[in-house]
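Shared between the two complexes below is subunit A, which has subunit B as its partner in the first and subunit C in the second.
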Partner chain A sequence: MKQNWWKFLAVALVLYSVVVGLLRPLNPGILKVNPISIEAGKSYDMTIATYNTDFQSGDDIQSYLKINDTFGIQSQQVEILAPNELKVTFDIPTKLPSILQRDAYSIILSADRVGTFIRPRAVSIVQNEIDISGAIAAWPQNSFGDFKKAAKANFPFRAILYESLRNLFYHVPMWFGMTFLLMGSLVCSVLYLANKNTRMDTRAAAMIQIAVLYGILGCATGAIWARGTWGTWWTFEEIKLNVSAATLLLYFAYFLLRAAIDDEVLRAKISSVYSIIGFVAAVFLLFVLPRMVESSLHPGNGGNPGFGGEDLDNTLRTVFYPAVIGWTVLGFWMAQLTFRAKFLQDYFLEKYD
Partner chain B sequence: MIFYLHLDMKSILSLIHLEFKMELRRKYALGGALLYVLSTVFVIYTSLQNAENLPWNALFWLVALFIAVNAIAKSFAVEQDGTQLYLYQLASGIQVILAKMIYNVLLILVLLLLAMGAFLLFLAIPIQHVGLFVGTVALGSLGLGIVLTFISAIANKTDSSAVFTAILSFPVLLPILLSLIKLTKASFAAESTSVSQDIVILLAIDTILIGLILILFPIVWKD
Partner chain C sequence: MKLNVCTLFLLVFLSSNQLVAADTIDKALHSSGKIYLVVGTLVVIFIGIIIYLFTIDKKLTNIENQIKDNE
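Up next is the complex of A and B:
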């Protein structure tokens, strides 16, 4: 029990990340606005479809059309059509505080219990003449009232991602786990070359086995995520997908090399050497090359902000970090079991051969 | 384990000389590599002569990859056990791998320049910056030569060294090839683009690999 505490920790953290990661709801958000293109100087009834809201008659709901932090107008009236649907009426002034003929405006909703949420660049408004000073006179300044706070902060609502945001807790820890396991196998390979104890080599192979399993699961969870957000299971246009596939190929070649050498000591030596060279290549593949490309849809590459900037907020962190630690430790436990099974198999094969 | 770089240029040069003599002694080897270059380009010429806007970049490096693998896969296999034992007594592992790497890099450079000439002659690849392209080919031979020499030493420990040289080296070569393809793209583009970052990456990969190989090869070599 005393030396097994880390196994309990791993199981607890993974269970926690699965249960909380799947059950905790998303914050409310705006799914759809209709119409999305309007003209200045007219009055519009807009229907706004919202997500995860439970509007009831009697709720005090405010809605704003906002161009920047200073200028915004409040709607004339808000009518609740359904728990997830509103009708708001905006009177758009003839002059807009923008130097563009057509500019995008955000919609903010603020309601009791539900809290405040925004859809950036939700509506585009066209104006006939550009008159900034006239617009400044016509638009109220700093008219935003006190925004209402939600009773409880949940996972952020992100357009395009929606509920698939939860995949953060399952897709990303796979690659973290794989990286740590590969580092562990590197240490074991170096130790083998230093001490010539073939058990170290078996240990390294077991860690790589689990790392490859994690890599395959990472590709699978990534494919599911890509299907939902990019519309395709797999694309060779994305550098990160290509380099992950190449890394898996590298370690498939490692197992083929092990299978090709019968002598135990020679196999341990050669595969340790190859795994050290392969690790260097894998580091370049996974961590250097993706940062060199001009553009990429995958977060964290080619000037695309990764999860970690404003995407990873504190509610996500409370599940994401435990998931990373849990899956990594679980991976090392699996590698240990694989190593023991292989060790016993070799032992009995030798004994009864 | 203490590794110190015992760089005796004279013995490395004589090992390169030995390598060269052995290559010349097997006349079919060098001739085979040259014919491999010509026949590959000829196959491409006859099968693709009507097509336009071919992916020259990828095509060139695929051909280069197969030429290099083919030329180097037998780098360690040709030595009979006697030669290996003889070398083992005379030179250190670091000297042997350095000599072999230098020889193989030069061999690939010659073969790739020939392939480049054949591509220019038969296939009219749209090179805009010849200097950059030749530099890319030189950097490419350096990377391919370093990795393939070492991988062929590893693959030589298996029964089918040619197959294993290919499958073990492709993933390791991929970072190098991707950088090379980016550099080649720059040499095909009409306007000059900054390539220093890719050259630095390539040289960084090569340096790290050479350092590791100098440490690891003596382990592989000692039987």
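Up next is the complex of A and C:
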């Protein structure tokens, strides 16, 4: 029981990441604005469809059309059509403080209980003449009121992703788990070459087996996520997809190599060397190549080292890190069961020989 | 037999875009805030763990048979 604490830890963390990762709601957000293209100098009734809001009559709701950090206009009136639908009226001035004839502007909603949320580049406005100094003189500055705060911060609302943001807790830990298992196999391979104990080679092979399983699951879950957000199961234009496929092929070859060698000692030696070289190649493929690509749809790429800033906020971290630890430890447990079964098999083979 | 099932599965997978109109999938995905992507992901991971269980089951059966044959 005492030696098994880490297995319970793995189960508890995975359970926590599934339960909390699924149950905690998303922050409110703006799904749709209608109309999305308007002209300066006119008045518009806009309907705004929101997500995870529960507007009730009597709620104090403010809505702003944000031009930039200094300039914005507040709507004339806000009418609640449904718990997740508003009608707001904006009087757009003739001159806009923008150097572009057509520019996209954000909409901010600030409501009791629900809090404040924004849809960037929600509407595009056309102005007939560009007169910045006139516009600046005509516009009130810093017109934003005090934004209301939500009672509780939840997972961020992201356009396109919506609820599938939760896949962060299930898709990404597969790759983290795979990386840690490959590190474990590297250690075992080095130890084999140092001590020539074939059990170490068996351990390395078991860890690579689970790492490959995690890699396949990472590809499959990523394909599902990509279908729902990028619109395709798989694309060869994404560097991260290509390098993960290459890494998997690299380790498929490891098992082919093992299967091809009958002599146990020779197999252990060659596959240990292959595993060490393979790990270096995998690190290069998974962590160096993606960073050399300028732009990518996949987060954690294009000069962006891993997850930072926008990709991962504090509420996500509280579930993401436990999920990574949980799936990694679970992977080591699975690898341990695999090599223990192999040890037993070897023991009986020797005994009955 | 096993191979046939695999081939069928592969064919269905490869042609799934044609079999189910892409429209239908997209509508189903958007109508619910895309929570089905998370359901699909969890199902895939569950299937992966089940596949692992079967492989370890097979290994243990081999060991059991080995012991039985030698007793």
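Following the convention adopted for this analysis, the second predicted complex is superposed on the first by the 347 of 353 C-alpha atoms of A that agree within 3 Å, B and C clash if a C-alpha of one lies under 4 Å from a C-alpha of the other, contacts with A are read in each partner's own complex, and residues count from 1 in each chain.
Criterion: contacts are C-beta pairs under 8 Å (C-beta built on N, C-alpha and C of every residue); 3 or more make two chains touch, one makes a residue touch a chain.
Computed from a predicted model, the values in this text were never measured in an experiment.
**Q** Both complexes share subunit A, so when I overlay them there, do subunit B and subunit C fit or clash?
**A** fit
**Q** Just checking: does A:R227 make contact with subunit B only, subunit C only, both, or neither of them? Give me first, second, both or neither.
**A** Only subunit C is touched by A:R227; subunit B is not.
**Q** Check whether A:I130 is in contact with subunit B, with subunit C, with both or with neither, and answer first, second, both or neither.
**A** It touches nothing on subunit B or subunit C.
**Q** Touch check for A:L15: first (subunit B), second (subunit C), both, or neither?
**A** After superposing on A, A:L15 lies clear of both subunit B and subunit C.
**Q** Is A:L100 touching the first partner subunit B, the second partner subunit C, both, or neither of them?
**A** Once the two structures are laid over each other on A, A:L100 reaches no partner at all.
**Q** Examine A:A153 and indicate which partner it touches, taking first as subunit B and second as subunit C; both and neither are also allowed.
**A** Touch partners of A:A153: none, neither subunit B nor subunit C.
**Q** A:N167 in the overlay: touching subunit B, subunit C, both, or neither? Say first, second, both or neither.
**A** In the superposed model, A:N167 contacts subunit C only, not subunit B.
**Q** State whether subunit B or subunit C is in contact with more residues of subunit A in the superposed arrangement.
**A** Looking at subunit B versus subunit C, the one contacting more residues of subunit A is C.
**Q** Once the shared chain is lined up, is A:L344 touching subunit B (first), subunit C (second), both, or neither of them?
**A** Only subunit C is touched by A:L344; subunit B is not.
**Q** Across all Cα pairs of subunit B and subunit C, what is the smallest distance in the superposition, given in whole Å?
**A** Superposed model gives a least subunit B-subunit C C-alpha distance of 23 Å.
**Q** Which residues of subunit A are in contact with subunit B in one complex and with subunit C in the other?
**A** Dual-contact residues (subunit A): none.
**Q** Give every residue of subunit A touching subunit C within the complex, in rising order.
**A** The contact residues of subunit A facing subunit C are 18, 22, 26, 51, 161-164, 166-167, 170-171, 174, 210, 213-214, 216-217, 220-221, 224-225, 227-229, 231, 233, 334, 337-338, 341-342, 344-345, 348-349, 352.
**Q** Quick one: which bits of subunit A touch subunit B in the complex? Just the residue numbers, please.
**A** Residues 193-194, 243, 246-247, 249-250, 253, 256-257, 260-261, 266, 269-270, 273-274, 276-278, 280-281, 284-285, 288-289, 292 of subunit A touch subunit B in their complex.
**Q** Write out the stretch or stretches of subunit C touching subunit A in their complex.
**A** 17, 22, 25-26, 29, 32-38, 40-42, 44-45, 48, 51-52, 55-56, 59-60, 62-63, 66-67, 70
**Q** If we count contacts the way the header does, which residues on subunit B are in touch with subunit A in the complex?
**A** Of all residues in subunit B, those touching subunit A are 1, 150-151, 154, 157-160, 164, 167-168, 170-172, 174-175, 178-179, 182, 197-198, 201, 205, 208-209, 212-213, 216, 219-220.
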